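So that we are looking at the same thing, I have put the structure below in structure tokens.
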């Protein structure tokens, strides 16, 4: 009954829709929220949405993980491995950036007691 | 045993040094090593000039392109890599020789500067778009950290702002890369260039816009450059020198490298890019008129020059491109000079606001003199090198019988003169200055004098580097040659 | 050499005598118009001699002394550069070495030298007089020069000799061939003669102060002398330029006297103007006439 | 050490003279991309190099007074280098390089005066850079027409092209010479510059603009005449230029009269004098160009003399306003003679050469049948007498108005030597105008492809409209003067020195030291009552430029509002632009 979901168009469409929604949720958070940590979370959500698009659209239903293991000795029917590698790399980078940001935000809070992005006025001349 | 030099060294050596740095116990050695590394890499770059003149050098990593990752060393990337290493060398020499604050001489600074230079070199050298993203993020992370290095309120705020806006830019770029990959299944730049034309037009526009905006944020183009003044104001001037001298140039290169590669006919984007450049230039120069803080003023001036370079590169004729590359080199040198001077002034006066720098010419005659020199160079007044590069750009426009950019460039230069000379006048005000900080030793001026000498030399004898710039312009514009060298076929 | 010397002395003597006689006549004429008896026609000689032989003269320093010397030298030089007669070797002075523009400038050399002396005296009223004089000069020179320029253009020469030679026969007088030039320069000419109604600068009698306020004795005598000689030089110049010049001394006298009579009548008919009124007047009426003259003789196609 | 540095500097100031005397053969310096700088010595720039060679050491000498000032010496040497490059350049790039080096080095020299304020410095550099950038734009337009940066006559341009070249170059050079209404920087900078350096600015740097204007004529094969045909007997394009020059000189003359500061007066007088030269260039005939060159020469000498003399007064008294000076004639006699000769030259009175040069210009105007211009020029020439008189009366005559003026002594020898040299030169040129024509000016005219004026004898100036003899004039005047003085002394009677300076006929009262007896500052104030003069004096371009600056600042303020400090705003803007562009693209289907 739900086979139609396996057709690549629908499958990709659903994922695309979902990740775009995720992306816009992130964008909304980024633009509307004032708290620094919330902004970092929003950025992360946007990044994740992009990863999701990459992974989802590069993979079609029925493809297996691109790992040679028991029983799987040829490359046929496997998903494209490159997006997965890319995503892994990108996640690492994203984590690094978020970690840096979070630590900076904490230090900033300790020094000034501020957490809102709109309150950052140290650089006003 | 023969040492095998490869372009990988430009990335590997700084990375290696950065990661090995915890092994050094003696902090005093850090800055000399930093200087040494950059000087060595600069020498290495110079040694490649003859090779690159003949053909671009492809350094394959593991698998041959288009499947594998490779570094593409041609005249233009060599030029930029050499420039980055010069900038790194100058800044590290300055940090070593002057009384820089401890946080700028410590291990974090050492690591981050190396990462910044390595990342920038990587962006310029890589022939793979995902690698580009990785290097971009390396540069980004190190830049955010460098901005906040001082760890006081202002530095942290600048760092946070930079991080937020930089991450968003990175997401835009990543999005564009993802779309590119999904559309073409390629990550190699040459292969992408070959296949980009087959993508449906609306998708092309979307990818192009995402990429353009992402890179424009990074490369400080109007209206995506609102973050710049705050960051330049908050970070240490020594670090800002690197941002203005290295980072922006790397991003500008990437932007135009992609434009020239992906678009078979750069004329499509010409008007857009030129308009972007022209507005950047005029807006920045106008806003700079009102600035009261030297760092902000220099930030806007930097934006103005970036706009000029964009305008010239966007026109994509050989003469304007060569001139723009020359101007990139000049601007890097000039902004290094000016920002490092700002650092000296900041240490002496504890503030670089206009009102506090009255009569600086008496307290720091050499610094004031060098500032004048830098200002003259950035305005493009002979006999300094800014003149030669600007003339080259203008000549390129005149050859093509296109006059509106000439008018705008000259108008912008006049506005620029309006504020630079205001500062100079204040520096030479007859009132005696109030000095609060400490005086600087003469050694700190060595790298600055070196730059000044270079500016003069390149202004009087620009033919020394003429050939290189022409080759670089050809390499940057030569889409066909690029594709052929990587894919082995005529597109 | 001897010839030049004699010629020069003759010119100086002539201009001295004519100048005082004309001015004496003017005072008589003026008095009769105002129904007075007036002084003797020789009165000016007596005054001048009295001043020149005063036994004591007050000086205010070296420059004060040299000013009248400069103005005298300027007046004599001017006289020597104006040809009195045409087609004659006499009464020519050094006019072959000069021209009309040079003469116009020589006319002001002396007064400027004297202005230094006035300044040197330290009397502010004197300096005010000088300023008034310079202001009036500024006003009158424009139409005066424009009128003469029309003549120079007509004859394609700035040489007084050439202009004079071209006017043989009364029909060829510039007065008739170029009347507009004559009208344009006539009033400025009167002003340059320091005559009423443009005489507020010296302002004899009524106004207390003027350029001469500090001068007395022999220095005043010198100033008076040069004034008379300068008057004659200017009259002769206009006779040369507009009335065809003169071949003999009597004709010169008649023509000069006629011109003098004309200017004297105009002078008597009008009340004195203030300096700024003078200037404004010259920049309006004579200058406008001059512009019309230029348009009529130069711009329009028939010219 | 001190002496060595100063001698070295003096030697450096002789470099223009060295260049002039020892130059042999052209020099080419390749820059890049086929641009080669060509340097050679031609008669036209040679004339201006001669002015520089004359003036440079004369300005350098008074600069040596006082404590050693290496930066000023170095900048002066750079300035001389720039001007020599400019004059020797055979192509526009070299010309521009010299022009710019001259501009910024003179700006930095200007800053060395403690009197420079922000407006003065900014207007100097901005006007000059505007001029330079217009020049650069003109060069590039020229290049796009010809494919070449060499300075040479171009043929085959259409009217629009010629007009664009003429406008760009013309504006650039008119700013440099300080023509109205682009003169704002001149009075400010001449006033605020170091006193001796003002002499250089006025006497030599303004001549570079003149040189450039003459150079501009050579770009067009038939000069200005080929552009828009004839008006009367002269070029129609030149008629406009000539009026610009004359109006400049009239307005500047009245402004000069109303000044209360000696250097500002001289600054306006410079504008006026250069206005005459511009007029002559507009006429464009060989006589007019000869007059322009001659007037440049005279103006150079006169302004050097006057500015150095005034600098000496300022040095000795510390005052620069007419109201603070007076009666220096006895205490500074040589400076008095310097100023006297200077103003006689400035006013164009015979027998000094100022008359010769003006004579040439007048005759050229007559020849061109441009009589209204002639009348206008006469107006400003005669009005100039007023400020000339003010210039000598204010400081030297009348009564001393400040304690410093009462005790001042003669200027130091470094100031007097140049003055004496210049006085000698002026008198010699006045006696021998023909020499100047034959030796200095005719070669230039020949090089410009014009008929030389020629002179029958060194003492004579000859034109088609007649001429005059400087030797006769000078000897008659001198002889008469000596004779009159001698006769005066031979007459009976004696001179008595006035008992005190207050021994005056003063409206029936006896003035005292408290009575305001010095008329210096107010002299010429009453000219305002003349309607035209009052109108001119009550108008100024300052308001316009101040408004321009205000508007620019306001626009900058508006734009800087964009650079807010909130990252969310930045991102919102980026996203909005992305969305807007995408929408537009989708809608238009591009």
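Read from first to last, the chains carry the letters A, B, C and D; within each, the first residue is number 1.
Note that in this section contacts are C-beta pairs under 8 Å (C-beta built on N, C-alpha and C of every residue); 3 or more make two chains touch, one makes a residue touch a chain.
In this text, all values refer to a predicted model and were calculated from it rather than measured experimentally.
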Interchain contact steps from chain A to chain C (minimum; 1 if touching): 2
Chain pair, A-B or A-D, that carries the greater number of C-beta contacts: A-B
Central chain (distance from its CA mean to the mean of all protein CA atoms): D
Chain whose Cα centroid lies at the greatest distance from that of chain A: C
Chain centre separation in whole Å, for chain B relative to chain A (CA means): 30
Separation of mean Cα positions, chain D and chain A [Å, integer]: 70
Inter-chain centre distance, chain B versus chain C - centres from mean C-alpha coordinates, in Å: 78
Inter-centroid spacing, chain D versus chain B (mean Cα positions, whole Å): 44
Residues of chain A touching at least two other chains: 30, 39, 117, 120, 123
Shared-contact residues (touching 2 or more other chains) in chain B: 161, 164, 168, 230
Two or more partner chains touched - positions in chain D: 565, 567, 571
Chain C residues touching chain D - in the complex, by the definition given at the top: 52-61, 63, 65-66, 69-70, 72-74, 76-77, 80-81, 94, 97-102, 105-106, 108-109, 112, 115-116, 119-125, 127-128, 130-131, 134-135, 137-139, 141-143, 145-146, 149-150, 152-153, 156-159, 162, 208-209, 213-214, 217-218, 222, 275-276, 279-280, 283, 287, 290-291, 294, 298-299
Parts of chain D lying in touch with chain A, wherever the complex brings them together: 565-568, 571-572, 575
Residue ranges of chain B touching chain A (in the complex, touch as defined): 130, 133-134, 137, 140-141, 144-145, 148, 151-154, 156-161, 163-164, 167-168, 170-171, 174-175, 178, 181-182, 185, 187, 230, 233-234, 292-293, 296, 353
In the complex with chain B, residue positions of chain D that touch it: 30-33, 35, 71, 93, 96-97, 100-101, 103-104, 107-108, 111-112, 114, 116, 118, 121-122, 125-126, 129-130, 133-134, 136-137, 140-141, 143-144, 147, 552-553, 555-557, 559-560, 562-565, 567, 569-571, 573-574, 577-578, 581-582, 585-586, 590
In the complex with chain D, residue positions of chain B that touch it: 161, 164-165, 168, 172, 202, 205-206, 209-210, 213, 217, 223-224, 226-227, 229-230, 283, 286-290, 319, 322, 365, 369, 372, 376, 379, 381-383, 387-388, 391-392, 394-395, 397-399, 401, 403, 406-407, 410-411, 413-415, 417-418, 421-422, 424-426, 428, 430, 462-463, 466, 470
